[in-house]
Structures are given as structure tokens and as C-alpha cells.
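In the two complexes below, chain A is the common chain; its partner is chain B in one and chain C in the other.
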Partner chain A sequence: MADVSINALVDSRNSVNKWMERFGVRFGVYKKGVFREQLFPFDSVPRIISKKDWDYLEKGLRQRVQALNMFLWDIYHDKKIIADGVVPTEFVYASKGYMPECEGIDPTLKVYAHIAGIDLVEGKNGQWYVLEDNLRIPSGASYPMIARTVTRKVTPEAFADNAVADNRDYADMLRQMMEDVNEDRGIAVILTPGRYNSAFFEHSYLAEKTGATLAYPGDLIVEDNIVYYEGLYHEKQRVGSIYRRVSDEYMDPLTFEPESLLGIPGVMEAYKAGNVALINAIGNGVADDKGIYYFVPKMVKYYLNEEPILQNAPTYLPYYKEDYDYILANIEKLVIKDVAEAGGYGVVFGNELTPEKLEELKALIISEPRRWIAQEVIDFKDLEVLDSEGNGSMRKADLRAFVVSGKETRVWASGLTRYASNPNSFVVNSSQGGGFKDTWVMNK
Partner chain B sequence: MVRSNTISAMKANRLFWLGRYEERVYMTLHLLRQCYDKMIDGNTADYEEFWSRLDCSGAYSTPEDFRMGMLYDEHNPNSIMSEMNYAKDNAILLREDITSETLSFIEMSIAHMKACKDKSETNITALQPITDWGLAFWGSVFQRLHNQKIIDLIVIGRNIEYIDMLIRFDYPFERIRHAYEEIKSYGKDMTRIFDTMIEAQLDSLFTSENYDPLNMDYKNKVLKYINQLVIV
Partner chain C sequence: MKRYLYSYQTIVRFYVQVDRHFLKLRCQPSASEYQTIVDESVVLHPVGFHISIGTDGFGNRIITGSSLIPHDSLAYISSGIVEQTDYAIPDPSPQPYYRCHSALTEPSDELRLMAKEHKQAADLCHAVYEAMHYEPGSTDVRTTAAEAFAQRKGVCQDFAHILLSLLRLNGYAARYVNGLIVGEGATHAWVEVHDGENWIAFDPTHNCQVTHGYIKLAHGRDANDCPVCRGSMSGSNISQQTEIKVIVNEI
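This part shows the complex of A and B:
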């Protein structure tokens, strides 16, 4: 990148953050039971991904998400992958994300994960690794969307001087996918749990940019297995697709959590009847379970008969005797993850624990081997982050890539690069205090 | 993808209250400027009167407390800060309808208010950007929004609030008549938006012959009716 561009970007940091504040770019956090909205700190020096790397990632991501969608179809229909011994039965049925209520449901176009958020890191050797698949409600695309819109205005020279892929097509990708699965049944809505959801900014911003209607709990009703958006005077407009940002268990109090006030009573029956598309499908949690992650490369081989392009981080499952022994013998150098947790919670680095805590962790693994996975700590590449004075320091950073599947599977030439809040941390989640960068995918 | 024209009950309510709070910020600032001007002469009755016209009394014991409180006190629902927050509470839930651009004028106002509060700024000229952005907000509503129902609901809210404030501060009837006619004009395509019995009462009260804001019974009656006119 040209020096002029770098200087312009460095100088623009405060200006860009001011524009973010102007547009209310925030996320919500609960601390000690109190909800607070905070700005998501933006670092103006982008992560740069070369065309060669992106071509590789794009191919690999498309392949991975296609396999995951095929896995989901299989699990809720024929279960061949279990019968053929590729994925052990208990990993499917013991998963909290498996929803027996979804057995036999045929989502439009056989797509389950319409929007997949795949978390990757780049090792110091330049090798990319998938850390996690997010197939339920992956969030974060709105931040690089608005950041790019702002930075192009604030530092046009940085984009004029460099061949950066235009990423302002994410709303179009979403809109196209919503149309693909809607099949002209009715309007498209984005269902939000409301303002006190941590990603509410994203819900409202995506609704604005896609032209979908933002629906709140209570706005949608079901009559005769048809979903309607209800107007002020009880007039009804049919809904054809729901991009829902409400968790599976709260989506329909008649099928799942009966106390839920966030969902739509009767929506599962409408969904089963093929009268509405749910984006993402219910029950996807069975495929992005941290335990199932281990098997994704095997899924690629099994369903697509191809070698997996993307690599998982080296992962061990205590379920297998060999791995179990390895984990217990090497726990102090591994990262241990609780498969039931998300958002950076339930992640423990063995090298940060006292001998007593290590023994406690071992006891937990011995008593509940299915609950844990262990991974080698990947020494991933640090990225430079600037403080408000323009001074740089190095931070761990990951990349959440977004893959959108309707009639076709498309990878967004961008993503959310998140960095850790302090130099020694590997945890990059926004809920843990990190910030984000724009992700430049180069065209040449 | 076709954008829905249907407006849910919750959304209608928020649009209405967004209009009300935006107008309240504008009018409160406008009236505070007049009040602060009178206070230069040192008569405490000037701010006490202002306070009582908003149905509040006794919260601030000194003119300085009053100045700070009316601007930034988040426990005082009539302060500029509280009114801005209420406007934002509604606007933030309406981004896809009012656009990020329209919302941005409220976000900037809140950020500016916080910065002024941190500096304990009591010179009301420092809040001129709030007035300017308020006007920009309305410009954006009229210029950038294309769903007439959405504009109707926001403007009806604005004018209800405007009339409420005009009556409280004994403004002449001509100002009220114009705003009231505008409410009816914006509501003409929403047949069930008005309570027809209340509307009939207001029609008879809002005539040049009957208008009498110095009569407390009259004032209380029209304030009650104007606040019950719209059903959202």
C-alpha cells in the first residue's frame, strides 16, 4: 500500500470513529445485569488479504458451507453420515443444537445455513485455519459495511490508490438470497428480539439497507399456517421469508420454550407447511457445535468427494481414546473449549491455569468427555492497531467471513476483522472489549 | 424486494412519539432562551413560572440549579437531555423507516449534549447545534422519506406537541389554528387515527371566539383533549 494511503488512513482514525458515532454504530453488552450500549472501536488501518489468499479462501469457504448445508439436510432426513460411521451418533443427538422438531422439514432450496459466519485466523506461517463455524445467527457484517461506506468518504485516496474489492454489495447479496427463498410468497422481514439485543444496530441497519421490514415480537402472527405482519388497524400482509435474529429455542412458544415472548406462536407449523422461509433454518446448531467442528473436513470428503480446501485448527476430541490421552498429558499447552458456550466464553488456555486449576479441568474432562474439545494454540498473526494518538501496537485478530446461500453460494469479499483489546489476549470478541478493522480483499 | 407499506401498531406509536419529542426539544430550547433572557434581570419568579407551566415545581432551588437541571438533568423528564433521550429511544427503533441519515441528527445532538454536560456548559448558545440539527432532522423527514404514512405520523406527533406547548405558554390562537388544521390534513388518509368525539370537542374549543388560554378550566380541558386526540 502506498505511504500516502497509510498516512491518510492513520490520520482518519478519529474522524471515522466520529462518523460511526454519528450513525449510532454500537453494540450492547450486559455487565452485572445492566445493559449498556457502547461504540465498537474501529481501527482505520485495514487488514489486507491478497488476491491469491482470497481466491483460496473463497473456494474453501464455499466448499465448506456447501458441505455443512448437505450435512444439515442429511441429519434431519436420511442420516447417512451417521449410518456410514463418519460422525458418531452421540455427537449429533447429544448436541444442544439438534432439534428433533426439525426432523423431515424441507427448507426452500434445501438451504439451512443461508448466512454462515466462518471464523478464521491466519497463522504466522501464512496458513489460514478455520476456528469456528457459525450457522445459527452469525452477526457482525454490518460493521464492515458501514465502516467501508465511511472510510471511502473520509479517505478516498486510499481507495483510489489501491485495487480494493468493493464490499458494498452485502445488502444486495442478502436481498437476493431472501428473494430466492421467498418464492414470491410475501414480504421479507428481519425479526429482532428488540433494542436490548447486543446486535440490535445490525438488525436495524440491515433492514434499512436490504429494504426488509424490521419486525419486533408481537408484529407477526400466524393464521391457518400463514405468517402475517399485522398493521395498526389489524390489516395483514403476508410474510414470505423471515431473517430471524431470535434463537431457535425462543422462536415459537408452541413448539419450544413456552415462556418465550420473543417468538411467533405457530411459526413452526407454517414453516413445516412450506409457507414461510426461516433464515437461518431452525436446528442449525447441530452443525456448528464445537464438537461437530472436528468432523467438518470429513463432511467435505463425504458429501462432495473433494479434498477439504480449508484446514481446521488441530483439534482433539476426548471422546476418542487416543485424543483423550493426549489431552490429559498435554493439557497445559492446549486451549480447552466448552462445546456449549459461545461468544468467547468457556475458552480456557491451559498455560494460564495454576496446577490446581489444571487438575480441576482434567477432572471435568474425565467426567464429561463429550462436553470438551481441545486445540493446539495457533500462533496467529498479529495485526497493528493504532491508539487515539496514532501509536501502534500488535494485537491478535481473527476474520469472520460471511457466506450467503440462496440459489447459489456466494462469499462476501470482505468480512469482520476483530482484534483483541489487549496485547496478550487471544480473545477477540466484541463482548470482551475488542475492536474491529476493515478487511481489504485485493483485486490484483 | 417490495418494501412493506404496512405500519404496525408499535411502529405507529414510535413514529408519533418521535415527532412529539423532537418538537418538544425544539420548543423547550426556544422557550428556555426566552426564560434565560428574562433571568438576566435576576427575578427568580421568571424561572418558577416556566417550571410551573410544564406542570412541575420546586425541583431547583437556585437559578443556577435551574439552568443546569433544565438542560442536563436526566431525572427531570422536561430537561433537554431527557427529551433528546426519549426522541432517540423511539428513533433508534425506526432506523429502517427514517433512514440512518435522519437518525444521525439525533445521535449528534445526544453526543453534543453529553459533551456540554461534561463541561457544565450553561450558556444556552452552546446548544444552538441542537436546534440546527433539529431543523435538519425535519428537513430530512420531508426530503428523504418516501412513505407518506410515516411522514404523516411523525408530523401529527410534532403538531400535537407544538399545540400542547403553545397552549401552556399562552400563544395566540392563529398559531394553534394553523397547527391544528395541519394535523387534520396529515391525518386525512388515516380514518381511524383520531378519536372522533375528542375531535368534535376540539373543533368547538379551537375557534377564535372560544379560545381562552388564560382561563385555567379552558386550558386544562384543551390540554387534556389535544393529548387524547390521536389513537396509536
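This part shows the complex of A and C:
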């Protein structure tokens, strides 16, 4: 990067954050039952990904998401991958994300994960690893979108001097995908649980940018297995696709959680009848479970008959005898993850535990081997982060890449780079503190 | 071959008008090798409901309805005639999820211990009957097998959940069944277990293997999957009173 532009970016850090505060870039957190909104701190010096690295990532991400979509189709239809012994039965059916209510449902174009958020890290050796696949409601795309918009205004020279891939096409990618699966059945809507959802800012921002209607619970009704959006004066418009930001179990009180007020009563029948597309599909949790993660490279081989391009972090499943023994013998140098938890919760580093706590953890693994996975600690490439005075320190960081699948599968040449809240932390989830950077994908 | 006349009637009265009402009913008999539907009808009030029919993910027949017209009562009658042979429903490959525990059948340590004492479905059924005391009002629709077993009392739904938990601990594919029986004022619950070829049925509340006379409506992993009626309504201050009548007679 040219020196002039890096200086400009460094100098812009406070004004960019002020702009974003004014735009309302924030996320909500529940702590001890109290809801409050936090700003998401932005570090103005971007992460840079070379064209060579990006070409590799793009190919690998497309391949991975295609295989995951094929897996989801298979699980809710023929279950060949189980019959062929590639994925053990209990990993699928004991998963909380598996929804038998979705058996036999045919989502439009056979797409389940329309929007996939794949979390990656770069090792010190330059090797990228996938840490997690998020196939339910991956959030976070709005932050780099708005950060880029603001930085372009504040430091236009940084973009004139450097060949950065334009990332202002995310809303178009979303819109195109929503139309692909809509098949001219009606309008496209984004369903938000409302103002007190942690990602409400994102829901309203994406609705504005895609031109889709922002719908609140109660705005959508089902009559004769067709979904309608009911406007202010009770006029009804047919809905063809719903980008829903409400989780599976709250989507239809007639099918799932009966007390849910966030969902659309009867939407499952409309969906099953093929009258509406749900983005993402219901039941995707069975494919982004931490236990299933282990099998994703095997899925690539199985469905696409290709070598997996992207690598998983080295992972062990206590379910297999060999891995079980390895984990118990090496627990103090491994990361142990609870399969059922998400958002950076339920992650334990063996090297941070006292001998007593290690024994407790071993006992848990022995009693419930299916509940845990263990991974080698990856030596991340740290990124430099500046505080408001401009002093730098090194932090752990990851990258959430967004992959959008409609008629075709496309990777957004951008992503959300999140960094840990302090130099000693390995956890980079936004609900655990920390901030984000813009991600520059270089054109040459 | 035996024939039964059945009728299932529900009246729900709302003290304050309901503005919108969405519902899903599983009130019709299921059709299988065990049970043939000779004649049937479903009548729903208020008449203005938009109705669709279909099947759910477990293969049950469902009726979904929606009404945007304010009303202060909901009533329906499902009635007809079914013909039954011995209770055995052939299924060469039962869905694997019937072998896994579901939310309401998750076992506790004492259920795990009990599961080790018997292997045969009939023995497990008997053990549940012996251990449990039937007591209406001692549990509700959200009570799990482990909770009901801990207090050693419950109703037919709890007996069924406990038996399901024990069967699954022993590796059986087993499912929850909702239906109607002679002499019961409401719906009844029992259990189907896969014997390698067929689904056969046990009723832990009455300590028997089911042969016929049980009108099957719907099945699922547990009671959550197959309630007779589930509704979602909006309006202010909704409170309601429900009245259910069931008649089953051999003809």
C-alpha cells in the first residue's frame, strides 16, 4: 500500500468512527437480562488479501458451500451419505439443528444455504483454515458495507492509489438471489424480529440497500398456503421470498415453538407447498453443527468428487476411538468446543485450565463424547490494531466470508474481519467485545 | 376386521373476541394397513376459515386454517367410521430419528438405570405401568419423561414419554401416538415400537399391547410433534375455555 494512503487511513480513524456512530452502526447485547446497544469499534487500517490468496479462497469457498447445500438436500431426502457410511447416523439425527419437519421439502433451486458465512483464519505460515460454517442466519455483512462507504468518503485517495476490489455489490448479489428463488411469485421481504434484536441495524440497512420490504412479526400472514404482506391499510401483497432473520424454532408457532410471537403462523405449509422461498432454508443447523464440521471435507469429495480446496483446522472427534485417546492424552494443548454452543461460548483452551479443571473436562468428555470436538491451537497471523491515540498492538483476528447462492454460487469480494478485544484473547466474536476492520481484496 | 364409529368434538370459547386466528389440526384418523377410513367428515366453525389440507413432515394428515374475521368461539367435529385389523403397520426402513431422544423423552439417570432392567418392549411397558401412578393434573403438556418419572405420577402422555425414553435407550425405534379410545373423554396417547418389520403398539397407561379399538390420529417423536390442535391468535387479553368430547363405539 502506498505510504500516503496508509497515513490518511490512520489519521481517519476517529472521524470514520464518528460517522459510523451517526449512521447507527451498532449491535445489541443481552447481559444479565438487560438489553443494551454497543458501538462496534472500527479500526481504519484494513486487512489486505492478495489477489492470489483471494482466488484460492474464492474457489475453495464456492466448492465448500456447494457441497454443504448438496449435503442438506441429501439429509432431507435420500440420505445417501449416511447409507454409504461417510457420516455416522447419530451425528445427523441427534443434532439440535436437524428438523424432521423438513423431510421431503424441496426448496426452490435446491438451495438451502442462500447466505453462508464461512469463518476463516490465516495461520502464521500463510495457510488459511476454515473454523466454522454458519448456514443459519450469518450476520455481519452490513458492517464492512457501511465501513467501506464511510472510508471512501473520508479518504478517497486510499482507493484511488490502490487497486481494491469494489465491494458495493453485496446488496445486488442479495437482491439477485432473492429474485432467483422468488420465481416471480410475489414481493421480496426481509423479516426482522424487531427493534430489540442484536442485528436490527443490519436488517433495516439490508432492506434499504436491496429494496426489499422490511417486515415485522404480524405483517406477514398465511392464507390458503400463500404468504401475504399486509400493509398499513390492510391491503395484501403476495410474498415470493422471505429473507428471514428469525431463527428456525420461532418461525412458525403452529409447527415449532408454540409461544413464538416472532414467526408466521402456517408458513411451513406455504413453504412445503412451494409457494414461498425461505432464505435461508429451515433445518440448516444440521450442517453447521460443530460435530458435522469435521465431515465437510469428506462431503466435498463425496458429492463433487473433487479434492477439498480449503482446509479445516486439525480436528478430533472423541466419537472415534483413536481421536478419543489422543484428546485425553493431549488435552492441555487443545481447544475443546461444546458442539451445542455458538457465538464464542462453550470454547475452552486446555492450556488455560488448572489441573483440577482439566480433570473435570476429561470426565465430561468421557461421559458425553458426542457433545465435544477438540482442535489444535492454530498459530494465527495477528493483525495490528490502533487505539484512538494511534498506538498499535497485535490482535487475533478472523475473517467471515459471505457466499451467496441462487442460480449460481458467488463469493463476495470482501468480508468481515473481526479482532479480539485485547491482545491476550483468542475469541473474536462481536458478542464478546472486540472490533472490526475493512477487508481489502486486491485486484492485482 | 372390526368397525368403529368415532367422533371428536372441541369447542373453544374466548371471553374476548379474537382478531386473527391461525390453526393446525391433526384431528382425522390416519390411514394405514392397520386402519382404513370408511367414511369421514370434519366440520369447522366459524365458517369463514380459509382451509388447506396436507401432510406434515411425519406423514400425518393436517388441516391448516386461518381467519382474519373477529370471532369469539372455535368449534370443530371430526367424525366417521374406520375399519381395523390387528395393529401392525409394515415399514421396511423406519426413520432413524425415532431411535434418538427428543426434547420430551431425554432420559435421566434413574431412567437409564431402569432401562437396563428389561429388554423386551412388553416388559418395559409393564415396568412403566407398575412404577407410575395415574393422576390427572399432576403434569402439563411441557412435562418431560424425566420429570414425570421423578415424581412417579402423570397422565397417558407422560406414561408414553417414559416408555419411549426406555425403548430408545434399548436401541428401539419408537414413536408417540395420539388417538381416541373407547371410554376416554379426551384424546389418548400410546407408543408404537418397530419390531424389525412392523410398527406394533403398546399402551403403558393400560399395561397392554394394542390389538384394535384404538383410533390412531397422528404420530411423532413425542407429544410436541403431533398435537390434535395448535393455534396462534391475536387479540387483546385472550383467555379461553375448552370443552372436548370423544365418542368411540364398535359397530
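Everything below uses one rule, namely that the second predicted complex is superposed on the first by the 444 of 444 C-alpha atoms of A that agree within 3 Å, B and C clash if a C-alpha of one lies under 4 Å from a C-alpha of the other, contacts with A are read in each partner's own complex, and residues count from 1 in each chain.
To be clear about the criterion, contacts are C-beta pairs under 8 Å (C-beta built on N, C-alpha and C of every residue); 3 or more make two chains touch, one makes a residue touch a chain.
Nothing here was measured: the structure is a model prediction, and the numbers come from that model.
When both complexes are overlaid on chain A, chain B and chain C end up sitting side by side without clashing. Contact with chain B, but none with chain C, is seen for A:237 once the two complexes are overlaid on the shared chain. When the shared chain is aligned, chain B comes close enough to touch A:23, but chain C does not.
Touch criterion not met for A:314: it reaches neither chain B nor chain C. Of the two partner chains placed by the overlay, only chain C lies in contact with A:222; chain B stays clear of it. Contacts of A:210 after superposition on the shared chain: chain B is touched, whereas chain C is not.
By the touch criterion stated above, A:392 is placed in contact with neither chain B nor chain C. Superposing both complexes on chain A places the Cα centres of chain B and chain C at an angle of 90° as seen from the Cα centre of chain A, in steps of 10. By the touch criterion stated above, A:98 is placed in contact with chain C alone, chain B being left untouched. After superposing the two complexes on their shared chain, the closest approach between C-alpha atoms of chain B and chain C is 14 Å. Contacts of chain A with chain B, set against its contacts with chain C after fitting on chain A, overlap at residues 218. For chain A in complex with chain B, the touching residues are 21-24, 175, 178-179, 182, 187-189, 195, 200, 204-205, 207-208, 210-216, 218-219, 229-233, 235, 237.
The part of chain B that touches chain A in the complex is made up of residues 1-12, 92-93, 95-96, 99-100, 103-104, 107-108, 111, 192, 232. Contact residues on chain C toward chain A in their complex (touch as defined above): 20, 22-24, 50-52, 54, 56-58, 62, 64, 66, 68, 95-97, 99-101, 221, 225, 230-232, 234.
Residue ranges of chain A in contact with chain C, taken from their complex: 82, 89-90, 92-94, 98-105, 218, 221-225, 253-255, 258, 265-266, 269, 272-273.
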